[in-house]
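Multiple structures follow.
Look at the two complexes coming up: chain A is in both, with chain B in one and chain C in the other.
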Partner chain A sequence: MSSPNDTSDSKQDIISLIGSDKVKHSILREDAMLSSTLKSIASGNFADSKDSIELPSMSGPVIEKVIEYMNFKGKLLREGREGDNTEVTAEKFENFNIPTELSLDVLLAADYLNI
Partner chain B sequence: MISFKKGKIKVPEKLQPTSANIDESWLILKNVFDKVLSDDTHDISFEKTYRVVYDVVRFRQEAELYNRIKEYLVQRFTSLKTDTFDKNPAITSEEWKFLETLGEVWKSTNIHLECIRDLTLYLERTYCERNRVPGIVETGLEIFNTCLLLPLKDTVNEEYVKGINNLRDTHEYDTPHTEVLERLGSMMLTILSGEDSFFVVFVQNHLLEESIKYYSELANSLNLKSIEGFQKVETLIDFETKLDTSFLTLDAATKVIKCIDTVLIWGNYESIVEPLLLDALDTLNGEYLRKLYSLTTERKYRLKLRSAIQNMINKNLSSIELDESEKKRSLIGTKWASSVISMFNKYNKLLEGLSFEVESTIDNVANTEITENQMGGRQLSTTNNGPDDSEDFSQGTVSAAGLLNETFSNFFKQNSKHSAQYMSFYLDTCLKKTLEKTEINDSKNSILECVNLVRLLPDKDEFTVIYKNQLTKRLIQQQSSLKVEKFACKRVNEETGSFWTHKLGTMLRDITRSEYLAQNFSVSQQQKATEDSSTTTEVLEFVPDILTITSWPFQDIDDIVAEDLILPAQLEALKLDFEKFYNKKYNERTLKWVHTLGSIQIGFQFEKSYHDLTMPFYSALVFLLFENNDELTTEMILEMTHIPEQELYRQLLSLVMSSKSRILKKSPASKTISKSDKFSINYSFTAPTEKVKVQTIVGNTSSRRNDNNNNNNINNVLERERINATNAAIVRVMKRQTAITHTELLERVTEEVKQVFTLQLLVFKKSLGFLISKEYVQRDPDDSSLYHYIS
Partner chain C sequence: MYRSRNRNRGNNIKGPNSALTQFLQEEGISADSIKQRWLDTHPIENEEEKSSDQDDVKEGEENEQNIAIIEESKSLETSVDLLESSDEDEGSKDDQNASRISRTRRLRKLIDNADSDEEEYHASESPTVPLFRNAKDPETVAKKRERTKKLIHGRKKRRKRAANLLDQKGEEIPTLQQMALSVISKNISTWETDNNNDKFLFTHLRDVLGGISLENLNRLANALSKNRALNDNTLQLFLKTDLKSLTFYDCSKLSYEGYKTLVIFSPHLEELSLQMCGQLNNEALLYIAEKLPKLRSLKLDGPFLINEVTWIKFFETMKGKLQEFHVSNTHRFTDKCLSSLLENCHLDLVSIGFSRLDSLFNYAILPQYLVNENFHTLVIEYPYNEEDVSDEVMINILGQIGSTLKCLVLKQCDELTDSMVVNGMSAFLGGTDGINNNLETLVLEAVDQLTTDSLVYFFSQISLPSLKTCSLSRCIEVGDDAIIEIFLNSAKDSLVKLNLNSLKNLTAKVFSVFKCDKLETLDLGFVRCVDDVTIGTICNQNLSLQLVDVFGDNLITKDANIRQGVKLLGRQSDSI
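Coming up: the complex of A and B.
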């Protein structure tokens, strides 16, 4: 598990995700790497920009939600709580709200990003 | 968990595919893959490609896509092979070229396949996992194998071995070539051919064969029979080990090295290893022994080595000759034993720290060897290892000490006629030296070394009996230091077990107690003398040895007790005094006087000189008669002393004949003694030293008889003790199992007593007969081979 030092170091390492609304949404690189798709894009030897990844299939709100989730999961992982105590994790997870009207979009996005 | 609140679920706007047509999508993908394979991905958007795959999968075209990718890869790898290898026949003519190219191809293929896998991850995640088909990389590797590697396998094989041999030739280890070999090695291990890796299926055997070939040729050019050659082999093997472990699996590496061992060394065991071994043993080069041994882990060879070492030592041992030029058996024995001991020490030092580990089955082998070595076929096979060894065996290994012990134990068994006796002689000689204080430490060491070997004697009881006799002699004649005797006794006790030696302890205790009694007695005598000064003017010094009958090896106590002996008045008084003194201390005990074991010291002024004469008791009695008589006949002496007649003749003869201590004269001067011969003191006697030891000479005729007698005695004692021990063993066995067959009983009893001696059938029969006659054991009335224990 990462130590607090690592966290502060990687805080500066921020990439942005660009959805169909062309707005940049910032996220810690470390958290973005939780998605294997984003990881491949960012690390592969391709034409895609390494610092701002375009995801034209997703709307701004969906991306925001995705980023929120990845932050949340990344934090849990860093704290080393996930898997330790499923009840606590589940409880925390209940506070994570997804608006009903977005749920299907978010689901598709999660599948696409493999998170 | 998503909580469902009221509200509509908004259907995403774009459910329509951007391109639903598989052919269109495939064109895009194929283009991308082409670029990936040519390492030209800079103008491709990963995200777009990924989205194409995503869409294809979403519209249920994934199976089609998967198959197209497969076809595509087949096509690509086939052409890769054609382009790189087939069209370029010169590739094999240059050394390393082929291997290097293949290595590069392998390296890039891996990268490409992983890249394609990443691009089509969505396909792999959904389609491959759900339908349990291999992922893109696995599929790709398989295709690589079938389309490229398999058709080339002979070339790969050949070139690979060539490469390894090339490295062997140059003896260079850290070259870029090693890296190539390493990469190819990992390739051949990664790629599967059926059940096993490509390497195991196609290459390994070829590699082994070629390695053998290579080293066989090398072996011919090396001179392996010398230590120098051996050193060369060592470096070769070192190099090979380093080489192999760097790019082969551990398994393959060990196999290759084993092959080399076989080819270079063990294959020519007789012509290479044995001379080397003998050389190492001769020059006492433990280093080489250890190296030779560590060269192999195979049992077969290790056993060979072991037995070779054993044979060698045995040969050296057998070359120790009995020095027949010495007249006395004890001297011959001592010499022999000391050579054996020094040889043991020599080899012990040599083999120290070498672990000659062989699996536990050595036990059986050792057993059979011993059986073969036994000359009397009727004797049952037993291993005669000390307790240490059996521990070793149970752990499955034998240390070098075990090997040595085994060898010496076998050697003693071969020489069982005299080994026990001679070892005892050696101890006797050592112990007799201990009167000189400076010798004590040396003697202690010699004793320790000797007793170490005693443990390996096949018949320890025989040793104990002889040792006991000699101990008796030493103790009574005060020929050794009591402290060292105790030390030796303790060691013997530890090695042979207390059952056989606890009497030795009692003997030593008797002596210690006697010393104490002697002190007390002389004090009380002096007191008496001062109280009663009128009767005795001088006090005789008296050193009693009070011996517990049962512990000392005297055959029949009544034979040597001469009750009706007439003692001079002074001695008689002393005897009575002591009896009184002793009875006061120990009421219940009776004293029997065994005069023959004692000796008397008499001071006498001859014509020329004064001498302290130490003489046997009977001789002294005879001599003392001349205090009051000038001349006596044999008959008169007999009457005045009541010394047994035969004994008296012997004593008189020695007093008259002995060259060094002729203190009596006889008339007529002849070499035999008759009843009417007259004796008188030989006043002209003189000797260079003040102290003279008057010895009883033994005539030639009687000596042989005596020697035989002695041997018979030992044998009798031995047999008696063995029967006793066998009795006890039988009873022990039968208490556990009340009905037992003859063979089983014999086996068990043999096992019970083997620590101390080898059970002979005769002893067993006698013992069993005794127990049956005493009704401890009963023969079954129906089955004569079955015995019952009667409790």
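Coming up: the complex of A and C.
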């Protein structure tokens, strides 16, 4: 989910988010830029690396949830822009759920990332 | 036969199709009446139809196709669908029924034209419906099932859309923060009752929330209040020592011990708003006064346990500190309490609000004490005796603080007349040059003696370039000219929220000049003149408009041309 598998995706611009577990979680740059915080970090002069962003305060599962959300949102926006039928994605998005035990951490992460 | 299930109840309980049913009932449209009308206008075919009708009844009882019909009527449950199913019932008849089918289609068109929010009929409506159809044919049954499934799905979607509309949520994608908050609020009551996790949870919550933004903290308070989940346990979430401002929207489950804990752990609070604080008692109020040295703003709703003596003691303690005081929904706030408030705190008071205070009568005392030159908010709502808030009292008050007011709210002050507007508002709100740069909120609701003339005078005399919120809701004597004058005033460039609810004298012409660039929210409920064309014009002329309340505007139909980005709330044809 967090790492795109197909070849078409791999050609696209992808960045990695690194959480407290030090695992790299991949996401399309376009989707990541939905977060104004990630956008500022990625475009800032002091970014160590343009291709990976460290978020040490977030655990792996939280980052995965955040990426899942941004993937859905990005896809919906793209489909809407291109005039495609958004119904299928919207329906899947309705089933997007946040595990109760993660909800507070996700809230914090979303608050920080401004999404 | 038609919707008999609901009709037999003999009440107005709303079912899934109640709006359509209600509308048809109100307009006197029923399948029988339409049939009768059509028969009356087509007497030649009349006799033939009668005989075929009788045949239908007999045949219908024996017909095996009933299985299919029942299935369909269960899923559709609308008058039109029943017409349609009867259409299919007749499918077993020979060609002489062709004319009858076309008649049914015409009837269906009649009803569709009258009102239809059930788009699904069109899917089933086909000009090439075969006259002979075998209900046992598995293909037909499967098709019907498929169609029923689609209808149910469509209905679910519409229901969700309508629910979102009522919650003022757009169809836009929710933010992750909103989704997380909704999970938290759904589960918070479960967490509370789970004693095993209790300690862990609250420790965790406090650890986590230590770093959360104030905005989300307020949202969490909102979510808790909405679920009636704010109690002494969940209160711990908000015990932050650096907290300066706190609003609880539903404190009904907070005990007086909870208030004391709050005060001890958040000693730097400056602004405190406690709504529905029915358990706030004398001891807790005095505790608040003693232990919050920086408190300058207190807004209480429903503090009915606090007695007169305690109020007086509280104001004495708060002398020199209290700048904002709003109180509502208590019968124990008396004239003596008001005197004490004014005597002790009048020098610092810049904002006061009184709403639904059944033991407060002496509003006439206000003018002499309101002397702070920065006084900005005055709220008087639902006085127990309407004559207590008279023109004279209001003119005197406005004479004292009119020029600095940012917010003036007068609700259900029935005694007020045009004199207050002309001799009070017009005279004292304008200053010397007729421009008031301070006033941001002007609410004159249910002041039913106000007329068009005085408001025309006010809005033509005083320029209000900062006015953001204006409400003339239920001032039922107000007509077109007053509203046109608002649109000619400089307020038109700053207005964000406008409430014209129940102004029944307005006509459509008033909206032709309606152009407010910043207007986002508009309430046109029960302004009967608003129709499809008018609402289209309003949406096109006001480019920032996002939400329009149109409850009771039955001339607005589903055909209204609404600009994208505008939500209509309360349109009859949106009912589910």
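Operating definition for what follows: the second predicted complex is superposed on the first by the 89 of 115 C-alpha atoms of A that agree within 3 Å, B and C clash if a C-alpha of one lies under 4 Å from a C-alpha of the other, contacts with A are read in each partner's own complex, and residues count from 1 in each chain.
Basically, a residue touches a chain if its C-beta (ideal position, glycine included) is under 8 Å from a C-beta of that chain, and two chains touch if they have at least 3 such contacts.
Fair warning: this is a prediction, and the values are worked out from it, not measured in the lab.
S.K.: Applying the document's definition of touch, where does A:I98 land relative to chain B and chain C: first, second, both, or neither?
M.R.: Both partners, chain B and chain C.
S.K.: Looking at A:V23, would you say it contacts chain B, chain C, both, or neither? Reply first, second, both or neither.
M.R.: neither
S.K.: Give one of first, second, both or neither to describe whether A:V66 is in contact with chain B, with chain C, with both, or with none.
M.R.: In the superposition, A:V66 contacts chain C only.
S.K.: Touching A:L76 in the superposition: chain B (first), chain C (second), both, neither?
M.R.: So A:L76 only meets chain C here.
S.K.: Given the touch rule stated above, what does A:A110 touch, chain B (first), chain C (second), both, or neither?
M.R.: In the superposition, A:A110 contacts chain C only.
S.K.: Please tell me which partner, chain B or chain C, touches more residues of chain A.
M.R.: Touching more of chain A: B.
S.K.: Which chain A residues contact chain B in one complex and chain C in the other?
M.R.: 93, 97-98, 100, 103-105, 108
S.K.: Under the definition above, what is the set of chain A residues touching chain C in their complex?
M.R.: 66, 69, 73, 76-77, 93, 96-98, 100, 103-111, 113, 115
S.K.: Which part of chain B faces chain A closely enough to touch in the complex?
M.R.: So the residues of chain B touching chain A come out as 1-12, 14, 41-47, 50-51, 54, 115, 118-119, 121-122, 125.
S.K.: Please give the residue numbers of chain C that touch chain A in the complex, ascending.
M.R.: Its residues touching chain A are 173, 175-177, 179-181, 183-184, 187, 204-205, 208-209, 211-213, 216.
S.K.: Using the touch definition from the top, list the residues of chain A that touch chain B in their complex.
M.R.: 36-37, 40-41, 44-48, 53-57, 90, 93-94, 97-105, 108, 112, 114
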